[in-house]
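Shared between the two complexes below is subunit A, which has subunit B as its partner in the first and subunit C in the second.
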Partner chain A sequence: MATLELSIDQNLAVGEVRRTHRLGPLFWAAIVWMVLVFAAAALAGVLPFSPTDMDMLERRAAPSALHWLGNDGLGRDELARLIYGARISLTVGLCAPVIGLSIGGALGMLAGYFRGRFESLVVGSMDVLLAFPPLILALAVTAYLGQSLLNLTCILGVLGIPAFMRVARAATLTLARREFVIAAQALGATHARILLRELLPNVFLPLFAFFLLGVAVTIVVEGALSFLGLGVPPPISSWGSMIGEGRESLEVAPRLAFIPAVTLFLTVLSFNLVGDTLKALTDPRQSAL
Partner chain B sequence: MSEPALLSVEAVAVDLPTARGNLRAVDQVDLKVGAGRTLGIVGESGCGKTMLSRAILQLLPKKAKLSGRVMFDGQDLARLAPERLRKLRGRSLAVVFQDPMTSLNPVLTIGTQLIETLQEHLELDGHAAKKRSVELLAAVGIPAPEQRLMQYPHQLSGGMRQRVAIAIALSCEPKLLIADEPTTALDVTIQAQILDLLAREQRRRHMAMILITHDLGVVAGRTDEVAVMYAGRVVERAPTSALFKKMRMPYTEALLAAIPKIDAAPHTPLPAISGRPPDPTRPLQGCSFSPRCRYANGRCHLDKPVLAAAESGDHQYACFHPIAIKTGVGA
Partner chain C sequence: MLGFVARRLLYLVPVLVAVSLLTFLIASLLPGDLAYVILGDQATPEKVAALRHDMGLDQPIWWRYASWLGHVLQGDFGRSFRTGQTVLQAVTERLPVSLELMVLAELGALAIGIPLAIACAVRSGSAFDRFMTGSAFGMLSVPAFLSAILLIYLFAVELRWLPATGYVPFEEDPVGNLRSFLLPALTLALGEWPVLMRVLRSDMIATLQEDYIAMARAKGLKPSRILLVHALKPSSLTLVTVTGINIGRLIGGTVIVESIFALPGIGRLLLGAIFTRDLIILQGVVLFVALGYVLMNFIVDMLYAVLDPRIRHGHA
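Right, the complex of A and B next:
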């Protein structure tokens, strides 16, 4: 029988598989916007304008060389308020989902892996938390502990726990039955090892995608709470409270509400776009399933 | 086999509670495997082969009830403390699963999976573990092993993945390897390669092996002893050569007849076994193969035959109407 000689270029056969995913201009636009917002928020302290200096003669003044985006109803610089507001919105928007991600993710993985009574307890208590009206909780906590950035972040973080728990538990439930988990057990892996090394890298992908969505939602919710006056106390600005204050002069100067609204919209959109692209890029399973 | 067996399964039964009642997946199975020997377990889907292997490894589903004893190296695995059992797994007992698509973690590289196993069990430092991983991958016939370490399972073919799974199983020099249908998910040309690889590594390491399969052809040249399972019970057990020379159990005969012959004329009908295996939640009173057996008579439907020795002591079968010696078909 004749043998067919095959010569394969070694680099071709075992070389790094090239990413064929192209990054579109939309992705880069989103990155540029995010860098801009983050840089502005980080550098707010060194920028030469104040978000609280009032100029009563310049109330609702149109944009000028001095005030690029004009002044708000109390004569404060709109751009400065927008930049300082980015600090609040981004801090809350990033920190609150981290609370949800870590606590909810850990609870969900433990519940999905160990099952039994612990799972019933976790799922039951999360259902209670879900059934509790979020606005009432926010009201109760701010009334009791006072309005502050920390309290706001904690409330939004706690409210996010049930959703993260559910995502983590659902992912763990399907993964824990897969053969590679049994294979790990057959190799003598401890529970901690299976949870951290076998399951976590798998669960983290859907959880991280949900986290980015959570960032976007939290920025919007923070805006809504500030709009209702439950957010950070004045005179600190946040995008939500700026929209709320702009509402009073919607007929005279609609830009006071629209500028923060557009900023909020673009930032949330950027998070979603970047999140989706990063997920597609970093998922090693992309061609496997 | 008078020397103490490495693994001795004694009267093992596995019960699984289901919505339709108790399901007896494994029923009073006795097996022995000596050090360095190979046992083939053959049977059709759902006959309890995999449950038996899980029972040996103590990896049964939480609801399953195990009775009997699984003696391994002088210890009863069923009564061993979890921590000691965990130390035994991987180091002394290893397993290769059916589907290499799902038995490797999809988001960790091959290297991570191999190196961490080595570090965990052999307490090697990172550099030594990496070196040993490369050796292992080379030993299981993977070209360019160093580059492979950085790849993910989905970048390898099915045969390659099964080789990696075997490398992981062999990594800590186990005394017993359980191969649970290791070639079922692979195409035929790769099957022989993987089976030969397992046989070679087994000889080299003087490791005992249990080869679970539904294909009598797979066990024919590669095992010392064969146990045929049907509906959770071992129905015939014999040294491989004796079994293929003169099988006694009608089920074994039917299984062998169902293997397509390469020299048969085209369009020869394949003699399939008619009917289906009995519902394991509704045990039959008599022999569980009796509804499908062409030799069955009244007694077969009433009494359960026990596994008894034939004329030579190491050939056992459970049948009232064993096939006469001359009807045995050569493999």
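Right, the complex of A and C next:
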């Protein structure tokens, strides 16, 4: 009986691997949602409604033909605020991981390729950055630097460097021992050529998959900071601050908290889903989920 | 084992020094002079200069760091210029609340995660397994502040079973204390269980394919005994590491949850210090939390080495 069960398990394992290589409907649904949010954020300026116009008579008004998602506690159009909020969440969510990707990726590749003292120095200094719980460090630095979109992006970007460094270094360490790198070295290629032409194209894919997961994490952290009132300063709306404001009227109009909450969830889920699928595709060892 | 502990301890020293330096630099180099913050915008330059002199702010930076570090090493983290309370007092007063929250959250996460992981591993590939792994993946995309709102809406606004905010000290009313911790701990547990469940599930699937499990089955042992005694223990190694890695996230989540549910813990202290610009408390709390975090990671490392001999001999 045990042997029978074992053989079933193995069949299942094979099935799972094959499934990850076919991009399912969920993957495409996630892509569609991402494109939708991007388009909304990009076209926000063209749209005929403003996120800051207040209509005091229409406070917390229910959804109508004029205001599709109703109004918030100050009579501002909820849909407009949601779309402008997408701009903030995506700006921070995409720019901060780019900082982490470029600096962390470069450091990781150099550390993994040259090894020695440089590697110890890089890994050691990243350990110091990792010695702080990320949200605590983000909160503290925001408190000193002041709240602005640029500061927020830079802080969250720097916080992402260690993770990108680790991914890039791990990938470089294994790749640097492969035949094509040794062959390039034997042909007399310079370090710069090996790093840029041989290693970078191979390290980039796992880094990009990790980048998408980083976007998801950054959107969450930005949301948390804005929720606590320490993100971008008002009246600029961000999904996190909208949820924070909606929390005050949870009893009368739970919609005001739940609409941005669902939007945030779907966006984070989409990035996680696409990132995880790409990670499974680029890393043959990890076939699960 | 002793050699391993000594090596790790030795490595801890430069990390701790660097952490203290970074905490100090963040607080010192960034814009905003402490003297102006204390005295307000209307302060005369003479007053500011006098205060700067009193606080040693006119000294060179390395000297200020050395004297600050000297005080910290003697247990003097500074004193709030708003309330007069020392950092150490403020932290020790609020630490039990945060610790209770984190312990309850972790227990909750284990209580949800372990049974689900076992159930999924036993029937890996079944509809139940796929549904649970799918939900776990979805739950990973739900930040703490979202599940908090959802739980408050469900249990405090709609059902009115539990208080939305408020804190009852344990000495006054143990039951009320647990009730006030239920929603906050559940919020954090909801974010933690998917991680634990995913790790334990995949380890458990691997363990269940080992020969000695087949042997135990052949011997006719009860399935529950095989699962809980023979399979669970060797499968829980990674669980320990993941729990350790997650402490940082848990601390971050604690700040958010304490703020939402108005629990007087370290997180609220930190946020309060940020909003009132009480920079000394802020600096002290950040240093304190970072030190605690580094030490907790050290303990998890040690625990892992105890469990897995390969680590302490440096072969992993």
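One rule holds for everything that comes next: the second predicted complex is superposed on the first by the 240 of 289 C-alpha atoms of A that agree within 3 Å, B and C clash if a C-alpha of one lies under 4 Å from a C-alpha of the other, contacts with A are read in each partner's own complex, and residues count from 1 in each chain.
Here is the rule we use: a residue touches a chain if its C-beta (ideal position, glycine included) is under 8 Å from a C-beta of that chain, and two chains touch if they have at least 3 such contacts.
Quantities reported herein were computed from a predicted structural model and do not represent experimental measurements.
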Partner chain(s) touched by A:D127 [first = subunit B, second = subunit C, both, neither]: second
Which superposed partner A:G240 touches (first subunit B, second subunit C, both, neither): second
Partner with the higher number of touched subunit A residues, subunit C or subunit B: C
Subunit B versus subunit C as contact partner of A:I136, first or second or both or neither: second
Subunit B versus subunit C as contact partner of A:L145, first or second or both or neither: second
Footprint overlap on subunit A, where subunit B in one structure and subunit C in the other make contact: 15-16, 288-289
Sites on subunit A touched by subunit C in the complex: 1-3, 6, 8-9, 12, 15-16, 124-125, 127-137, 139-146, 216, 220, 223-224, 227-230, 240, 243-244, 246-247, 250-251, 254, 257-258, 261, 264-265, 268-269, 272-273, 276, 288-289
Residues on subunit A engaged by subunit B in the complex (per definition of touch): 10, 13-17, 115, 178-180, 182-190, 193, 197-198, 201-202, 205, 284-285, 287-289
Residue numbers on subunit C that touch subunit A, as the complex places them: 14-15, 18-19, 22, 26-27, 30-32, 124-125, 133, 137-138, 140-146, 149-150, 152-153, 157, 198, 202, 205, 208-209, 213-214, 217-218, 247-249, 251-253, 255-256, 259-260, 270-271, 273-275, 277, 279, 282, 286, 289-290, 293-294
In the complex with subunit A, residue positions of subunit B that touch it: 57, 59, 62, 86-91, 93-95, 97-99, 102-108, 116-117, 120-121, 143-144, 147-148, 150-155, 165, 168-169
